[in-house]
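Should a chain be cited, it is by its letter among A, B and C, assigned in written order, with residues numbered from 1 in that chain.
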């Protein structure tokens, strides 16, 4: 029995195993059907009801105008989306036709061959040219567009009006003044001058961009890191000035990300912070709700705005979808002006269509600084799958933390980060 | 536990008789202090679940809920198919418990009541299975489950069977190791008596050995239960499109959002998730300790 | 069969007899092993084989979906790993941190097991109940609660410390300094893993026949001597199991480090192997490299376990 058993085991293993790791063959669509069930994945929310109402209205409208089509919407968790999308790419039968995802996810999904190209479809779409140009850029990989930007988030400078009054200072008009004001506020009040963190990439980037630098530039068919260029270094230097004992002590702040940074402001522990439009409700509901204001983060020159990171979510069509045309039509409906506006009303997500943005700014003055930030022009991270690696390996947070803790100079830390970024670029 | 307590009292009698009553009180007091320390994070979890969300976000540190609200619990329970997910989790965890203890019991019989050369090697191989980090196995398992699904749909992707199979495999090694002791502790005389009565080996194992070891089997199941109950890696990877077959931990993922986690709801969800485990424990607790007493003799 | 015959403690002599009376059927043991082998063979042996295979390929999400061709790279993934100075730092972090956790878990678990034998029944039940609560708490939540309590500005611990006059703790970060961070995480790990040790050792102590202790005492042995020459040898088997299990679990700690040090601490100072594997490989979708790290970790654990068992065997322990 023993040798026989071992043999049985071996042979069954041999049956199961090819001599190479498993691969899915072909995620390409087989057909383009005009009827049937269209499967849609949208992100789940803590309070999903308002989003669900808007989506249901869109589904109803879509089903009314398309015979024999049903739309089946599933809500998936944002946390763990990577696992689920990968699983869907690996098992086309489980994959949806349309899905919502974060704009930084896109290059990785495209490299995996998971998303369908939509360049022509967007050109042909009557609302396509109303999309905010900088934000459409975030849906592009290697010159081709793979998604429709659905909504964006923008970050701006939150400050405590009472604290600034105490130190008799006007809101800052340049990045240098931001640093000075933060320092003065801490000296006076013992609060964190500007609550931000070593792990808060979206706060770092505007400093780099405002100084004329960038993370990387396109070269040939790839990217080369430019984080070690003089303007980028100036930005890193200026940002890390904030992570010092007289503004935001590295002891407390080196590890903080965006959420922790804003939490400190909400808890009344900070004079300023960089927060998103999505944080506005939490801040105004808090104890400091009557004593704060928001302005776009200024750039180097008075009156200018530091370019903000264009975070947000896209709607895309799966490459393996058997209902490509239907999927595109549904995407255009849901990302169209009517439903963007309703999504803003329901969830507070900033629209990507410029006319809708203008409407929002006109009707809701508290969104004005965020819209102004968008209008001033937003920037994005390198649109390559290597970004997934750079992000996962925490290359940039490490760089900031090395400087903040005094372990390395800006010079050395940025050089090391550039090397690690280039390694990642070379590999993809 | 009660029976055990008596046995303990007897065991400790010689020492205890000489001890002053005040000393005994001191030991109990020390015990209570330690209980308080261990319980404090749990207590914090519960009151965080009962605080309003704004209080948590503002870093409210009052060590008691100034204003009790069921808001967070309601966010967890209402609006999503919470009860369905709970049922799915129970199905998975209980199936894993049954299957894994069944396989482990038989394996433990083979590994303790028979003598054969490769026994030690087998035991170590069983341990190796536990050493591999599960994250590294996710992809191979994904394709395996997908292929199995082509033959037996119930064990394939999007089915609870896939989760049951994976967790059974992952909980099996420890179950075998623990059960070995229980089986070894059953006196040989019983086996000899059964054999004299003409019972076959299989009859002995099922009719005699199993009922004796049953309490221990129940006890070991608590390990398997907790492991299967808390997993979300496989639940996320295998249950792709069938949202109606999601398990409880995945439902709680909803409260982890990029713009800020809803800690109140996460705490509430975790409290709700811990309750079934505690119920399970209370049900098996007497057997857990007395059963383990047998296990450790292995 | 009455309950009274069930799992009763047996003296060494009985066990010896049991061993010699073992059946020596060649066929039956394998029959009983079939269910376990089928499950383990299909769900573990095969994936582990695949793991080793994958570790020799350039295997990422594009390769998995078939968007890019597979490329056999041999030992490249391993070479890349061993050439990365960070890997060695992470490896030593892992060993030190795991040893800290294993020792802490065993110490606390054994101490509380001994304490439990001396407690009033209701206090003991309470101890077991809260311990099980700690054990059953999902790792994510457990870590988050500890992090709340130790938050630099908003945490209860610092506020209490400042409240009793230790002003130095205002805004003190417990996770900023490398070993302070590891210490905090280790405390959390011990909190949620000592119950396993406590329950097992408690059961072991209660299984020791009272007569044995009594006899030793009558011979005039001191408490320490009783503990050393009677209790410890009797507890060997259970200590072996809990030690091996703790080693296996604590070398693979992921969630606690990931959450409490926000993904590996300031500049990755608190990375341990499993988090490193996730960060370098899985989150970046390079499964080949991740599998190589998985293989290394498995071999490391296997080596440690074998050495441990070897030492045990030399001191007369039979597995």
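Everything below uses one rule, namely that a contact is a pair of C-beta atoms (placed from the backbone, for glycine too) under 8 Å apart; a residue touches a chain by one contact, two chains touch by 3 or more.
Note that the coordinates shown come from a computational prediction; the quantities given were computed from them, not determined experimentally.
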Chain contact graph, described as a line, ring, star, complete graph or other shape: complete
Pair with more cross-chain C-beta pairs in contact, given A-C and A-B: A-C
Greatest separation from chain B - chain, by CA centre: A
Chain centre separation in whole Å, for chain C relative to chain B (CA means): 15
Whole-Å gap separating chain A and chain C, where each centre is the average of the chain's CA atoms: 37
Inter-chain centre distance, chain A versus chain B - centres from mean C-alpha coordinates, in Å: 38
Residue list for chain B, restricted to those that touch at least two other chains: 59, 139-140, 143-144
Residues of chain C engaged with two or more neighbouring chains: 26, 30-31, 37, 42, 45-46, 50, 54, 64, 153-154
Sites on chain A at which at least two other chains make contact: 2, 16, 21-22, 90, 263, 267, 269
Chain C residues touching chain B - in the complex, by the definition given at the top: 1, 5-10, 14-15, 17-19, 21-26, 28-37, 39-40, 42-48, 50-51, 54, 64, 112, 115-121, 123-142, 144-146, 148-149, 151, 153-156, 159, 191, 196, 199-204, 206-210, 213-214, 217, 223, 235, 237-238, 241, 244-245, 248, 252, 254, 274, 277-278, 282, 287, 290-291, 293-295, 297-298, 301-302, 305-306, 309, 319
Interfacial residue positions of chain A with respect to chain C in the complex: 1-2, 5, 9, 12-13, 16-17, 19-27, 82, 86, 89-90, 108, 111-114, 198-199, 249-252, 254-255, 257, 263-264, 267, 269, 385, 388-389, 391-394, 398, 401-402, 405, 407, 424
Interfacial residue positions of chain A with respect to chain B in the complex: 2, 16, 21-22, 39, 44-49, 74-80, 83-84, 87-88, 90-91, 94-96, 102, 153, 259, 262-263, 266-269, 276, 278-279, 282, 285-287
Complex interface listing, chain C residues touching chain A: 26-27, 30-31, 37, 41-42, 45-46, 49-50, 53-54, 57, 59, 61-68, 70, 72, 152-154, 171-173, 175-176, 261-268, 279-280, 283-286
Chain B to chain C touching residues, read off their complex: 1-2, 4-5, 7-8, 10-15, 24, 27-28, 30-32, 34-35, 38-39, 41-42, 44-45, 48, 59, 61, 63, 99, 102-104, 106-107, 109-111, 113-116, 120, 122-124, 126-133, 135-137, 139-141, 143-144, 148, 165-166, 168-170, 172-174, 176-178, 181-182, 184-188, 190-192, 201, 205, 208, 211-213, 215-216, 223, 226, 229-230, 249, 252, 263, 266-267, 270, 273-274, 277-278, 281-282, 285, 288-298
